[in-house]
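So that you can tell them apart, the chains are marked A, B, C and D in the order they are listed, and the count of residues begins at 1 in each.
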């Protein structure tokens, strides 16, 4: 049995009797290398090919990368007609062979390609980086979403919870990693090392990150935690330079005040919920007096929503900086409890995240984030989401299945105080669950 | 939107308002738990369900396990008719939606179930253990091979080369791990700690194993290596109690004399080739004078083959213990170079492994393993497979694509010396490559 | 300024203009090398000399070593006349200079030599090994005790508590270290790896050792601990092969059943007390339900003592194996509470150790160690010493200052039951403290 | 046997039958606690006393500390008359007992006190801190030098080379430790984290520190190294922000451009020489192409010396900033080769350090450190000291014994160019060794 065509040539080049150089292989189009990798009989030849493909990919221009992803999207797609035929055959005779043929045909070839590429040393990071490129193309080339779906499918499998390792980040952490924390912080910018020190070093502060075994020096996501007495209502107070540090054993509340995803290329692979759950667990074990786990979160979509209400006097006053704290909190509560996307889920992305994790809307605070960013997105308002022990699974299911937004009595009262006095008919009616 | 039927009930049980105990969940059939896990909206509720499923599985009788796998095999199979329809639709309109629907439908539901189960702590080991059960059922229930195919598909992804970590096993290794090495050694039994010490402690001995991050205390495969001057032809001499230890820097040859797979449940996920390649790399770096990497391997199928040749005088003499060393080696060489399975690959499983890795048959030795096991399987004969730098990829491809068996001149000469004088017409003609 | 004589020559050899080889240095007597090391102006030249001295020492015959220690003892002693003069001078004028001169002169030169030797890599182990040699000479050459005193003085300083690091020894410990545990066990021989496993692996067993930073792979002392319910009275029962393992959280008692010093060369540098105290602390933290810390100890001097009482009928019966358990325990109690050395401290060395640590004699048991060794030294009797929280300092001081032996009421009763009926007038009266 | 007086009382307090509180002990003068610690029979009671003494010491005012050190200096001094008598006795009869008595009496009691204090957890750092206090008193209370001598004697023993552990400091080092590096840098200030990063992170930079096992988070001394091609003559160029990083394998020179002692309390315990030697060794192993090990060092005493030469026209010109580079270097060379202290050793402390380590004066550079500090102490001049393989021991001995200053031909030429034209008769004649 001889292999014909380009693959035979290529293999001769690759492993041939010394006649052709490795350089010869390098001159072949990357598409050929990919097909060769898919055709290679086993893992033996695969490593060299996979490394060569990554090397080639790294050197490509944006246009070349687009062409490459288009190749994956079209040439390594499923053959629908073949699948239809094999499905028919399997429907008629459920043999192992028919099953195997169907399953193989129904999986796009690029999935197997990604898996084979993943054998190379350092491949995980290479693939995650390639996906960043792909994500940047989707808006202009939405058909590439098919390839992205396969990407996500595999990344979810490889970044499965079982592989993640939690690590505490503190002042004993290496400068190299701390630099990345500074760079990746997405919520409240870390200005310099002194600022970082204030967030990591005091004994009433904690930071935890998830890592993956194949990218041991790259945090995937991290959360910054403040240990406090009572639920705080202002990020300024929480991060103040000269605030008084309390003893961890005196704290009753753990405040998740910043959660940052670090890897763009892992969009769609969710870590946040697992991280919060595990941090709750670790802190509960270490500090048994903690009884409240709560966030202090931004409301990134508030101002955008207010601007959709030009006829609402209170919205206008709030945007104009003329609202009282009571009025402001009323609008924020209404936004969080009532403003919905067409699919019925909350408008606010941070709300979707925490409610989806099983948290509830606990309180809203005016004047809580007076930074330029905080004023610009939410007129300085912030929100606490509460993770209540023993309630998160039920709330998660209610939220996911029925879109119910769990909220505290006081937040609902704030939202109602607003409603009586306004005609914001656009807002869909709340399906709030009577949570507390 | 409300969920109806058993899932709604179950979720009410699970997360409901404190009315039902967790015990209530425990009384539901495991199949219900699996369907609930598949229906659960997100990872939040999944962890509890996954843990409950594993707990239930562990307590099941063999019959219950068979019923469970049958459920996975039938109920969580692909719906072939649906796939056929969706493939048709995608053939007509290659939209992202059609693609997504097809891909989802064409993947058996049990794959998603396995992935969700994999989120639970310790899930990897649980799944590997469950597969051991499944493998035991395949002979009597070959239809379950469909489920096993899905198992292997995922395990290959999770035990991808990128996740494996090599570790040297030596006298600094923990007793806990060394116990496992003793238990898992599959080729040349380790009799006691003194025997183990002789294999790990002397400076001319090495042992390396692969580990996986989710099973950090469980070796997946390990190889024992002897550093020697020249290629050895006897396992007794290699493992002799009072042999002279040589300085590693004096060695020119590394002998892989035992390779043991440790995890039955990972059958079909191959590690051996990667391990050998990496050990060659590590040893080459540490000991630049090493120029020969060779095995000293058993020939497990020789005697069985000899018994298929009742009319062959030499085979009979060899089995009767009456053959000379020259005659014995001639028969072994012939077996290794010529005895084929119906599919054209070598009869001998160890030969298939090393030749598939790109090694060549280097030499055969009579009187090389005089243990009961060695006499019983191969009349005491052993073989060296040679891993030749720069040749393994090419040989691997030749072997895989064309079934060519690479061999040394001397082994071919030994095989020929036999052929002239025998009428073993059953043996198919060799396709040996002129390797050296 | 030139240095004259042998040192000048030697330094010329050592560092000279390439004329002389290092071999030349090697031919000089070790005494010359020592004097050169003492004369060397600084640490620069010292390392080479120190290494050369150790190399030479290792190659010496016993006679040469004796000559070497005699040199240290005589030539590097204090010059008493000089000291007397300098002391006189300092008495007359307490200047810094006079003080410095006196202190320097009053310290034997060999102490400075040992300190300078200690600069070489690996020197700690070399010096400890050299002391083993010296200890072997003391009986025949008691005058060498002066040198040994200087040795101990420095070793105590270098093996100061602050330098010791405790480590748990368990089944995760390396085989290399476990081998040493087997070799060093001095109380109840470890027969093989299965025996070792039974002492380290079960969750109701613990083992802790002290290590020193300069000898990281050499345990200094280790203690084996059993976690039990109640105070045990038999070593056989404690080490039984098929005994039932209990959960550590069910244990109320920690039994120190074997304490072994590992380094002969550190005789006189005591670690045992610190180790016991720290293990008590670590176990108390980890297992708060433990309320009793007790030993199960041999009585190594009992039979020897019994033999000094040829006229005592009960002693004779006990030695003849004819005593009842009650009689045997009575004799053992009497021995422990009353048998004294001329200096007033207990005859029994193990008793001196534990009482000196502040423990009390808690109970004695017949038939507790029926091994050959146990029968030979104490007719199978063993003793529990109790380390009572909050009492050890006081008991230690009473014992050390007033030779009071703390004991339990029951042990005193056992001892009394014996006394009434015997005329062992040789035994000095007890000064037992009414402890419990 | 009862103990009388304060010790008996104190022990009763400490361990007594619960009558007195630990607070009672705390009210006793620290001197009593010290005497009790010295009288305590063993290590058992010692730990509590030692901890109490440290606690007390930490709370003392400067005056109280002075009183305490005076107590140590006077009350715990040697009894000269007793020593004289015991020396006499030993001169007459060299028995072990006489020797023991003499040695014990001739060692000031405070040494034994320090050793017993050293048993407490964390004691090393406490003692080092106490010595910082003591050093601050010596100028006004020179008689306390006797106590300081004993301090140094013990610290040298405890900080013996054998205990020191070298560690590389780089960007993987913890922020906590890096903060200390920033704080302790004594030669060229580290301005911020970016500056630190430039010294630690680039692959042509290295930093190494010594640590002690009892103070694992406290560097004792560290050296910063630049890998270069050729010997550099300017610290500005070496530390430039945008300089080109070279591959370590291209470097032929390792430049020690900053050496900082971190622990004031360890003054007189020298680490620098050992650190340099070990770094040379480690770098030589890792980068075999390195053939030159050289410093780029400040000349801290140059300007002070120039000012002692008011009549020297060139000195005046140099101080006035009017000298040419040639003139400046000539003066610096003359200073380094000829300016001596009354004891004959070089005036310059950095010169004494490196020459004492066996280095030679290799070159001088004008305009090498134009920082305020560099201009203020040495008119911007710097010097290279060369550590020449195989020459350091000899040079060290020549320097120490004969005060010979090893120097290169070019430096000597520079110094001579100066001499011809000046009448600086005060400068003593050089004893430079013809080194290269």
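We adopt the following convention: a contact is a pair of C-beta atoms (placed from the backbone, for glycine too) under 8 Å apart; a residue touches a chain by one contact, two chains touch by 3 or more.
It should be emphasised that the depicted structure is a prediction, and the values quoted were computed from it without experimental measurement.
Peer 1: Trace the shortest sequence of touching chains from subunit A to subunit C and report its length in steps.
Peer 2: Minimal hop count between subunit A and subunit C: 2.
Peer 1: Which whole number of Å gives the spacing of the CA centres of subunit B and subunit D?
Peer 2: Using C-alpha averages as centres, the distance is 60 Å.
Peer 1: If you average the CA atoms of subunit A and of subunit D, how far apart do the two points sit, in angstrom?
Peer 2: Each chain's C-alpha centroid was found; their separation is 53 Å.
Peer 1: Indicate the whole-number Å distance between the mean C-alpha point of subunit A and the mean C-alpha point of subunit B.
Peer 2: That gives a centre separation of 36 Å.
Peer 1: For subunit C, write out the residues touching at least two other chains, lowest number first.
Peer 2: As it turns out, subunit C has no residue touching two or more other chains.
Peer 1: All pairs of touching chains, please: list them by chain label.
Peer 2: Final set of chain pairs in contact is A-B, A-D, B-C, C-D.
Peer 1: Going by the contact rule at the top, pick out the subunit A residues touching subunit B in the complex.
Peer 2: 1-3, 11, 14-17, 40-45, 47-48, 77-78, 80-81, 83-84, 87-88, 90-91, 94, 96, 99-100, 102-103, 106-108, 115, 118-121, 123-124, 142-143, 145-146, 149-150, 153-154, 156-158, 160-163, 165, 213-214, 270, 273-274, 356-358, 392-394, 396-397, 400-403
Peer 1: In the complex of these two chains, what residues of subunit C are touching subunit B?
Peer 2: 171-176, 178, 192-193, 196-197, 200
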